[in-house]
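Presented sequentially are two complexes of chain A, the first with chain B as partner and the second with chain C.
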Partner chain A sequence: MVWLTWRQHRAQVLVTAGFLVLVGVLLLVHGLGADGLTGDALTARFQSIYTYVSWLPAVPLVAGLFWGAPLLARELERGTHRLAWTQSVTRRRWLATKLGLLGLAVTVAGLLLGVMVSAWLTAFDGVRSADRFSDPVMFGATGVAGGVWWLFAFAIGTAAGGLTRRTLPAFAVTIAVFLTAMFAMFAVFQVRDLYAEPERMLAEGPPADAFVTDSAFVSPAGVEVSGDVPECATAGRDTYLDCVDEAGYRSVLYYQPADRYWRFQWTEAGLLAVVSVLLAGPVAYRVARRPV
Partner chain B sequence: MLWLTWRQHRAQTLVTVVLIAGAALLLVLDAVPFVLVKTLPVVPVFVGLFWGVPLLAREYERGTDRLVWTQSVPRSRWLVVKFTVLGTAVVLAGLAFGAVVLGWTASADAPVDRFSDEVFGVSGVVAGAWFLAVFTLGAASGAVLRRMLPAMAVTTAVFAGLVVGAYLARGHYAEPEVALSGAHGMAVPADALVTGTGVVGPAGDLLSWDDAMSACAGAEPVGCMRDRGYEQQYTLYQPADRYWRFQWTETGLLLVIALVLAGVTARQVVNRSR
Partner chain C sequence: MTAGTTALAATGLGKKYRRTWALKDCSLSVPEGRVVALVGPNGAGKTTLLHLVVGLLAPDQGDVTVLGSSAGTTRTLSRVAFLAQDKPLYDGFSVADMLRFGARTNPGWDQDMAVRRLASLDIPLDRRVGKLSGGQQAQVALTVALAKRPELLVLDEPLANLDPLARHEVMRGLMAAVAESGMTVVLSSHVVSDLVDTCDWLVVLNGGRVQVSGDIEDLLAGHRLLTGPAELADGVAGRLAVVDDDRTDRQATLLVRTGEGRPPLDPRWTDRGVNLEELVLAYLRRPDSAALPKPALARA
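Showing the complex of A and B:
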C-alpha cells in the first residue's frame, strides 16, 4: 500500500518538494541579503518581496486541489476503484493508508514552509508587516497553523472528490469551500480576535509586536466612546485628533500580547484540524460503505 | 456547434456569472477582508483551470475527440467556433470583473488604489486580456499534455510565472519619474505606483538601497552613508494618470501571448493525428 500510494502520487510529492526547495532558496538568498541593513533600506528590501509572500495563504488551496481532489475523484471517474477495491487490501485499509500517508505528507510540507518563512522573518525584525503575529498573512503561514491549513485544504479536496466523484467539479467545490472558509474566518467572524480576551491599556503606543485588535477613546469621566468623540463632531479631519486631545480624551487600545503567539497558533490549528476531520470523516465512511 | 459549445460549457458559464455577481456584491458591500484582497491577482487562473484546460484535455482524456472530430464539422471549424465563442465569453467576463474592481477602488474606503500590484491586473481592460491569455494558456497546455491534472498543474505554474513577470515588467512600461526627499519629506503624488527607492549619490547618481549598502559593507551603515555623501533619498514612481496607458500596454502584451498560445493549440489540434 505504501508503494501504491507513492506510485500514484509521486508527481504531487515531487512537485511539492521542488516548490519547497525553490521557495526555500529564494527566501534564504533574500534573507541573507538583508544582513546588516537597517531602517528604510531594510523596509525596502522586505517590501520588494512582500507582494509575493502575501500569496502564501493561497498555497494550501493548491495542495487541496492537486493532492486532495484527485485522491477519490480520479479513481471513481475512471472506474479504477472497481479494480483497486476488489484486491486483497480492504477498502478501509486502502483509505486509511492513503489518507494517513498523504495527510501526513501535506502537513509536513506546510510545516516546513512555515519554518522557512519564520526563519526568513527573523531577518526583518522591526519592519512593519514582517511580524508573525499581527500580520494575518504571516500568522497563517508560520508555526503549526501553516501545516494545518494545508491539511485542511487536503481534507476539503478529498471530501469534495468523494462527493462529486468527478475531478473538475471536485476542483470547483474545493476552491469554493476553501475561499468561503477563509472569508468566514477573516471577514465575517474575525475568529482570530476571539481566540482570547484582548488586554486593554491606556496607551501612548502598544508594546512591540503586539497584535492590536481595537482602539477607542476614553472620556475624562472614564467612559469609553466607540466611534466619534461627541465634542469633536464638527472638527475637521486635520484638527480632529488635536480636538480630542484638548477635550481630555485618552486613547485606549485592545491588543493581544506577543507571547500569545503559540497559544493562538494551537487554537487555530485545533480548530482547523477538527473541521478537517468533520469534513473528511463522513465522506471516508460513505466511500468505505458504499457498494462498488 | 453553438448549441454544442453551450451544452458542454454551460456549467462554467453559469458558475462564472454567479461568481462575478457575488464578487460585485461583496465589493459593493465593502466586505472584502485584507487577506482576500491580497489574493485578487490569482483570480484569472481559475479561468485557465475551468475554461481552458477542459476544452481539449477532457476530450482527449475521455476519448470523445474520436467521436467529435469524425462528424460533419471539421476539426478546424470545431476549434474556431469553440475559441471564438468561449474566448468572447471569457473576455466579457474579464471586462465585467475589471469594471467591478475598478468601481470598488474608486470608492473612498478601498484599502488599495487601482494602480497597485494587487488590483492592476484584475481591473480595467487588462482584466479581459488576462482572462483571455490564461484561457488560451489552459487550452494550449491541455492540447499538448492531453490530460487534465498535469495540464492544470502546468497552467497554475506558468500563470504564477506570468504574474511575477508582469509585476517586474510593469515598472518599465514607461520611464519612471523621480521624487527626491526634501525638507518636507518625499513628494510622491498620491496613488502613484512606486517602483523603486534608494539614495542619491554625491554626483547626483541614483543608487538602490542594496548598492548603497553593499558599498558600505562592514561599516556602521548610517555613519558610512553620511560620510559618502548619501544624504538625500529618492523614490521612482509612475504617476497615477499613466494608469490607462499602462493598461493598454499590458493588454497588448497579453494579447500577443494569447495569440501565440492559440496558435500552439490550433497546431496541436489540426495538424497532429491521434
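Showing the complex of A and C:
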C-alpha cells in the first residue's frame, strides 16, 4: 500500500517539492538582498514582494486541489475503485494508508513552507506587516498553523472528491469551501481575536511585536470612549488628535503579547484539525463502511 | 477444493437504488468448481448482483455468502478476484507497475504466472497501460485477476467492447486458467452465445429476480419444445409446467419443463430437446411464468 500510494501520487509529491524549493530560493534571495538595509529602504524591500506574499493564505489550496480532490474522485470517476477495492487490502486499510501518508506529506510541506517564511521574516525585523504574529497572513503561514492549514485544505479536497465523485466539480467545491471557511473565520468572525482575552495597557505605543487588536481613548476621569471623543466632535481631521491630547485623553491599547504566538498557533491548529476531521470524517466513514 | 460445497449462496438478497429495487428477493446457490453463466437483459441487475458478491456493494436486504464467509470481508477479499465491466486499470501505470500493484495488494500473488501469461500474449511489461489496445488492456486486467490465484473469479461482461478475435483470445485464456486451477468462475453476459461452450451452470436474472439457477445439462435435459395443434395446447398446458407459450391460429409451440424423461403426449404433437439460447429466451420472454427449478437448489 505504501508503494501504491507513492506510485499513484508521486507526481503531486514531486511538483509540490519543486514548488517549495522554488519559493524557498525566492525567499532566500529576497531575504539576503535585505542584508544591511535599514529604515525605509528595508520597508521598501519588504513591500516589493508583499503583493505576492499576501497570497500565502491561498497556497494550502495546492493540497486541497492536487492531493485531496483526486484521492477519491479520480478513482470513482475512472472506475478504478472497483479494481483497488477488490484486491486483498480492505477498503478501510486502503483509505487509512492514503489519508495517513498523504495527510502527513501535505502537513510536512506546509510546515516546511512555514519554516522558510519565518526565516525570511527575520531579515525584516521591525518592518510593519513583517511580523509572524500580528500580521494575519504571516501568522497563518508560519508555525504549526501553517502545516495544519494544508491538512485542512487536503481534508476539504478529499471530502469534496468523495461527495462529487468527479475531479472537476471537486476542484470547484474545494476552492469554494476553502475560501468561504477562510473568509468566515477571519473576516466575518475574526476568530483569532477570541483565542485569548487581550491585555490592556495605557501607552504611547504597543510593546514590540505585540498583536494590537483594538484601541480606544480614555478620558481624564478614566472612562473609556468608544468612537469619537465628545470634546473634539467639531475638530477637523488635521487637528483632531491634538484636540484629544489637549482634552487630557490618553489612548488605551488592547493587545496580545508576543509570547502568546505559540499558544495562538496551537489553538488555531487544533481548531482546524477538528474542522478537518468533521469534514473528511463522514466521507471517509462512508467509503470505508458503506460501499459505494 | 472439495466437490459439493457452496461457492456462492444468496438468500433473499435485495439492493435498492433510491426507490427502485435493482435486485429483489434474490436467492441462489452455486456449487464450487463451476463455470457459471449469469445471463439476463440489460438492466436485469447482473452488475448489482456481482458487486454484492465481491463486496463493492452492501445489500439492503438478505445476505450473500462467498466461499463460506460474508462478502467483502478480509477473508473473502483475498480469495475472490473481480474484473469489472470497463476493465479498469491505472492508465498511467506501466504493465509492470500493474503487476506490482497486484503483488503489493495480494498475499497469494503469482508473479511468475502473470509474467508468463503476458509474455505469451506479447504484451510488453514496460508499455504504459493507456497505450495498449482494448484487447490487450482486457488481457492485462484478466492477468491481474488470475495472478491473485482466486478461488472464485467474478467477471462482469468480460467480452463486452472486444472485437471477435480478442473475445476468442480472452475466453481461451480464461478457460485455460480455469482448467489449470479448478476455481469457480461467475461471468455475466447478455449474449448467450458467448457462454454456450464454456459454462456448465446457468443463472438467469430478469427484472432484478432470479428465474433460473441450475446445471446446464440438467436444465437442457429437463425442458422440451413441443409443437402441435393449437386446440390441444390448453390440455397440455394444464398437465405440464409451461415456460413459454407461443400460439398461432392453428399451431402452438410450448417450451415445457418436464423433469426427467419425456412426457406422454398425443401423437399429433412433435417434441424435441432445446438448446441453451432457446431455453434462456423462453424464460426471459416470460418473467412471470418462470419458476426457479427446485432440483438445482436442492442439489446445491
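As a convention for this text, the second predicted complex is superposed on the first by the 291 of 292 C-alpha atoms of A that agree within 3 Å, B and C clash if a C-alpha of one lies under 4 Å from a C-alpha of the other, contacts with A are read in each partner's own complex, and residues count from 1 in each chain.
The rule is short, and it goes like this: a residue touches a chain if its C-beta (ideal position, glycine included) is under 8 Å from a C-beta of that chain, and two chains touch if they have at least 3 such contacts.
What you see is a predicted model; the values in this text were computed from it and never measured.
After superposition onto chain A, the partners chain B and chain C occupy separate space and fit alongside each other. When both complexes are overlaid on chain A, the residue A:Gly79 reaches chain C alone and has no touch with chain B. When the two structures are aligned on the shared chain, A:Gln8 is found in touch with chain C, with no touch to chain B. Of the two partners chain B and chain C, more residues of chain A are touched by B.
Using the contact criterion defined above for the overlaid structures, shared-chain residue A:Thr234 touches neither chain B nor chain C, since it reaches no partner. Contacts of A:Ser226 after superposition on the shared chain: neither chain B nor chain C is touched. Of the two partner chains, chain B is the only one that A:Gly36 touches; chain C does not reach it. With both structures placed on the common chain, the touch criterion links A:Val89 to chain C but leaves chain B unconnected.
Contacts of A:Thr167 after superposition on the shared chain: chain B is touched, whereas chain C is not. An angle of 90 degrees, to the nearest 10, separates chain B from chain C at the C-alpha centre of chain A in the overlay. Distance between chain B and chain C in the overlay is 11 Å (nearest C-alpha pair, rounded to whole angstrom).
Touching of chain A by both chain B and chain C, each in its own complex, is seen for no residue at all. Per the touch definition, chain A reaches chain C in the complex via residues 1, 3-4, 7-8, 78-80, 82-90, 290-292. Chain contact summary for the complex, chain B toward chain A: residues 11, 15, 31-36, 38-39, 41-42, 46, 49-50, 54, 58, 117-118, 148-150, 152-153, 156, 164, 167, 197-198, 209-210, 212-213, 217, 221-222, 233. Those residues of chain A that touch chain B in the shared complex are 11, 15, 33, 36-41, 44-45, 51-52, 54-55, 57-58, 62, 65-66, 70, 74, 136-137, 140, 167-169, 171-172, 175, 179, 182-183, 186-187.
Contact residues of chain C toward chain A in the complex are 51, 54-58, 72, 74, 77-78, 80-82, 84, 86, 88-91, 93, 97, 100-102, 104-108, 141, 144, 148.
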